[in-house]
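Okay, so chain A shows up in both of these, paired with chain B first and chain C after.
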Partner chain A sequence: MNLAIVVNVVIQGVLTGLVYGLMALGLSVIFGVVRVINFAHGEFAVVAMYAAYVLFVTLGFDPILSLFPVAAAFFLIGYALHALLINRFIGRSEHEQFILLVGLAIVIVNGLLMIFGPDARPTNLPYSFDSYLVGPLFVDKARVYAAVGALVVAAALFAFFRYTTTGTAIRACADNRTGAAVVGLNIKRLYALTFGLGLACVGAAGALLVPIADASPLLSQQFTLLAFIIVIVGGLGSMAGALIGGVVIGISEALASLFMAPSIKSMFSFALLVAVLVLRPQGLMGRRI
Partner chain B sequence: MTRIRTQSNRRHVLAGAAATAATLAAPAIGRAQGAALKIAVVLPRSGYLAPAGQSCHRGALIAPKVLADYGYKVELVHIDCESNADIARTQTERALDDGVQAIVGAFDSASTLAMAQVCEQRQVPLIVNIAAAPQLTEQGYKFLVRNFPTGGMLVSNGLRLIKSLLDVTKLDAKTAVFLHANDTFGTAQRAAMDHLFPNAGLPFTLLDSIPYDPKAQDLSVEVTKVRALNPDLLLVVTRATDAIKLVRDMVRQRFEPKGIISPGSPGLYDEEFYQALGPLSDYVLYNLPWANPKAQMTQALEAAYTPANPTFRFAVECFNVGFTFEALLVAAAAYRTAGTASGVELMKAVRETKIANHVMIGPPLQFDDKGQNVGIPSAAVQNRNRTPTVTLPAEVATAAPVLPMPGWQGRT
Partner chain C sequence: MTDLWSSIPQRGRVTLLVLIALLLAAPMALDRYLISIFVLIFYYAYVGQAWNLLMGFAGQLSLGHALYAGLGGYVAALLWFYFGIGPWLGVFAAVAVAAMFGAAVGWLGFRFGIEGVYFALLTIAFAEFTRIAFDNMPFTGGAGGLFLLYDAQRSHEWWNLRGGPLLFYYIGLVLAAAAAVLTAWLARSRIGFQWLAVREDQQAALALGIDAFRVKMIAMLISSSMTAIGGVLLTFYYNNLFPTQAFDIGRSIEIILAPIIGGLGTIFGPIVGAFILTPLGEGLIALTGSLGIDAPGAKAVFYGLTLMVIITLRPDGVWPWLKRLLALTEVKS
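Then we have the complex of A and B:
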């Protein structure tokens, strides 16, 4: 096998993996702070894809640029959702949280099916058919733009948690909820903010995915599963781990496509998941925020 | 007295019941001729096969009117199986519970196989409009017929036409790669290709056969693999929207073989393909059965199709519409012959079908002992100005084939 082909495929995997990583980052942030596992994560990603698709079809808004309005809208949705619904389940048993979020996922998928139908919705952008030629390598422009967008959003989120007072307060909540409450932090508000930020990540990732994949409700479960694999491989609750996990899964799927039969591609990701659970159960970067 | 009266009443009741039953049963044949045959048309109108399913559906929608003009009465129940074999099975069961008397479908081999089991169990005729997996007519189903080529027939006809295309265009092709979907249809085509290619007498070498998942989000890795082999020809078995992804990734990676030819598969002539790719959809070739423009029934079908689809670019979608219509024609003709909608009798008439006046190119429509129509030829069709154009055989061609195909850049 020509080395250039392998490098080309690895680059494609890295670029796609970064967008997947951003999607998983939302899941990781929510779990790391709120301690709720968002089982409707993939569904929210697909809603974001449709939001970007609608903005493109109706207003001609480029899906890459639409990550800003979509992420902002998803932040508000996440904040409201936590304040009005999720917060009532904080402290309740895990299976109740599970049922709530799986129910939410079912409602979202069926809502999408009712509104848009099950058919895939492509967006044919000028750069969808273009690529950068770097020596013997072809790099899709759409993937490059999406990956850069994912890195920008992830960097902004890292900076928020690292350098802002609110970010520090959220990290304090994640480290010690009781302690944070004792020093007077508004836990309920910070949890809602975190849930909003988690969904903003998903919203941005959904918008960035539109030039790479056609929007379809049937992607929801696939994305939820993918996000879980990524955060478990990267380390549940670890922000850097989510991005690294995304890249690892992106590369492994791309290489599996290159060297193995298409039906084995998904199995490869699960094999990686099992290997990580056996050898390093806390994940590659198993540290909390 | 009471007992005698009771016996007398029972006799009266029994006699009355018998008379009623006789009244209801005796003119069954007469009523069958008067009533319409209730047919469920099961198609993948949504999901990843939706473009083709919708295309078939447009054929089913106009069929009752055209059939009525020929004296056939049918009542259709339109069912969407969502490109999912499990849904195809359960929807078929539900349709039969609701009194459907025959089934037509289902474009996709996996769904059709699932439906075949139900129809066999319930002894209701299943007339396959489109589905190429050989096992459909090789597993001994008694309530199934197929008016569509098997994968082997498609590939055999397709390879013969590829040879003719190379001869006509004098294209010097030395190598090819076979890229195929890895679903039921695609793997059946692969098996046929493996079996038939060595003896097809083609002047090029098959470098590799590469499978792909038709539901994949993109085909960049597969195209990278093909590009590395740099074949003169790319032979493809696509399904629907995957054909769009294939061309999109080929353009991205600037891979320009001398020709893209399907030895017999869908996806390259769907309206969605033209809409998504515009001029990039031109010059691909597919060797498939096609409608006979000179047939009286094709003209009648076109006359009904155009007003029903006024915004549609084509007079009639020659493949999906043609075969879906013909499947309904088979059911309707058998109903007229059998004079009853009883599954066993209807199926017997279906098996004895012989229809000279039909839509698709080829000899009279009839089935062999396995329920297969073995006399369906193919034509080489090329997209030109976003329109399927017959280029071979010469006697039905409306344009000469163009090979090598022009590069992606500069197309308008």
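Then we have the complex of A and C:
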């Protein structure tokens, strides 16, 4: 097989993987701080895809730019969702949280199905079929834009957690909840804020996915599982880990599609998940717990 | 057994006997459609009990039980399809294969200390892996599915599970009842108390000299074997199998809903949950139909909302609350 084709496919996998990584970052932040497993994560990603799709069809808004309004709206949704509903489930057992979020996921998927129907909605952008020519390589313009968008959002989130007082407070909650409460931090508000930020990530990722994949309600479960695999592979609680996990999964799926068949690409992701769980449970980038 | 029976208070015993008698006689008063709903109720009560044994008693969260039901169904169906081996024999092979997979998942999980959500993800990974494998295997029918011919000439062969809803009604009833008795018996035995010890505090259980690995493995093996039998039943009832349905995570979720909604770690929880959820799903189809909302998904939206409401209001499940309401007591778990 031609080496250039392989390199092309790998680059595509890296670019797509960065967007997946941003989606998983949202899950990682929520899981790492609030300790709630967001089993409706992929469902939210697909809602964001439809939001970006509607913005494009009605107002002609570019999906890459629509990541800003969509992420802002998702932040508010996440904040409200936590304050009104999820907060009651903090400290309850995992299976109760699971049923709550699975119920929410069922409502979201079928709500989308009622509104938009089961057919995939492609978005034809002016640059959909453009590519950058680098030597023998063709790089999709749409994927480059999406990957850059994902990196920008991830960097902003990273800076927020690293350099702002609120971000530091949230990290304190994640490290030691009781200690954080003792020094007077408003845990409930910070958790709601974190849930909002996690959903903002997923909202941004959903908007960025629109040029790469056609919006369809059927994608949601796949995305939820994908986000979980990425977070575990990359390492829970490591922000860089989510992005790196996304890239690893992106490359492995792209190569599996090339050398084997597209229908079995996720087999490799699941095999990777099992291998990481058994051999390196803290993930590639995580610290040993 | 007599010990088990005498542990139920007088009022509970009478109620239980009346219920069993009613369920045995019910098909005479029910039409085909209602009988088919009861078949599903019994199926979910049965597989729910199998899952409840692992999660409710041994405390291990599996989100991949569709794997065992699907494997059980496929093994029995393939034996019937290719060699004409009837399900009464095939079920042993089905149980053996499902238990092997259960052992593999359990060994990886328990030996390498994969716990809680991580263990749940491991079980999902195995189910999804198998789904994709079956999707691409030609001799199982691949993604196109596997179909068991329904031959009217053989529809009296109840010993080969060829028959109508009435046959499956009674088999389902027996299975659900047997699973409840087995769980109640196990819960009161040595292993049952060891499960509870491991569930509540594994470190303390280890300190008491309980072999946590062995105890959890036993729960996994019993649970996966029981689930496989449920899979065989459902496959011969519906006469078709598709990897995307049989191993789907949605199937796994369906299995765990009844015990959680009914009451985790109780004997009657899965049964109560199945009696609530299955008629709810069917009722919503009728309701959305009569309201003129025939958009696909309308029923499921209400179903999801109901799940959220129940888990918010009755986090311990409906049965413990119902039990207090009716002043009945069950075998303490």
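As a working rule, the second predicted complex is superposed on the first by the 286 of 289 C-alpha atoms of A that agree within 3 Å, B and C clash if a C-alpha of one lies under 4 Å from a C-alpha of the other, contacts with A are read in each partner's own complex, and residues count from 1 in each chain.
Note that a residue touches a chain if its C-beta (ideal position, glycine included) is under 8 Å from a C-beta of that chain, and two chains touch if they have at least 3 such contacts.
Given the structure is predicted, the values throughout are model-derived calculations rather than measurements.
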Inset, instruction - Answer with first, second, both or neither: which of chain B and chain C does A:Ala254 touch in the superposed model? - result: first
Inset, instruction - For A:Lys188, select first, second, both or neither according to whether it touches chain B, chain C, the two together, or no partner. - result: neither
Inset, instruction - Could you say whether A:Ala213 touches chain B, chain C, both of them, or neither, answering first, second, both or neither? - result: first
Inset, instruction - Could you say whether A:Arg162 touches chain B, chain C, both of them, or neither, answering first, second, both or neither? - result: neither
Inset, instruction - Name the contact category of A:Ser263: first (chain B only), second (chain C only), both, or neither. - result: both
Inset, instruction - Scan A:Ser131 for contacts with chain B and chain C and give back first, second, both or neither. - result: first
Legend entry - First (chain B), second (chain C), both or neither touched by A:Val278: second
Inset, instruction - Identify which of chain B and chain C touches the larger number of residues of chain A. - result: C
Inset, instruction - Could you pull out which residues of chain A sit against chain B in one structure and against chain C in the other? - result: 117-118, 261, 263
Inset, instruction - Give every residue of chain C touching chain A within the complex, in rising order. - result: 55, 61, 63, 108, 112-114, 116-118, 120-122, 124-126, 128-129, 132-133, 135-136, 249-250, 253, 256-257, 260-261, 264, 295-301, 303-308, 311-312, 315
Inset, instruction - Over in the complex, which chain A residues touch chain C? Could you list them? - result: 37, 85, 88, 92, 94-96, 98-100, 102-107, 109-114, 117-118, 221, 225, 228-229, 232, 261, 263-264, 266-267, 270-271, 273-274, 277-278, 281
Inset, instruction - Can you check the complex and tell me which residues of chain B touch chain A? - result: 46-48, 50, 82, 182, 211-213, 216-218, 220-222, 224-225, 228, 241, 244, 248, 251-254, 276-277, 280
Legend entry - Footprint of chain B on chain A - complex, ascending: 1-2, 5, 8-9, 12, 117-120, 122, 124, 128-131, 133, 138, 140, 212-214, 218, 254, 257-258, 261-263, 265
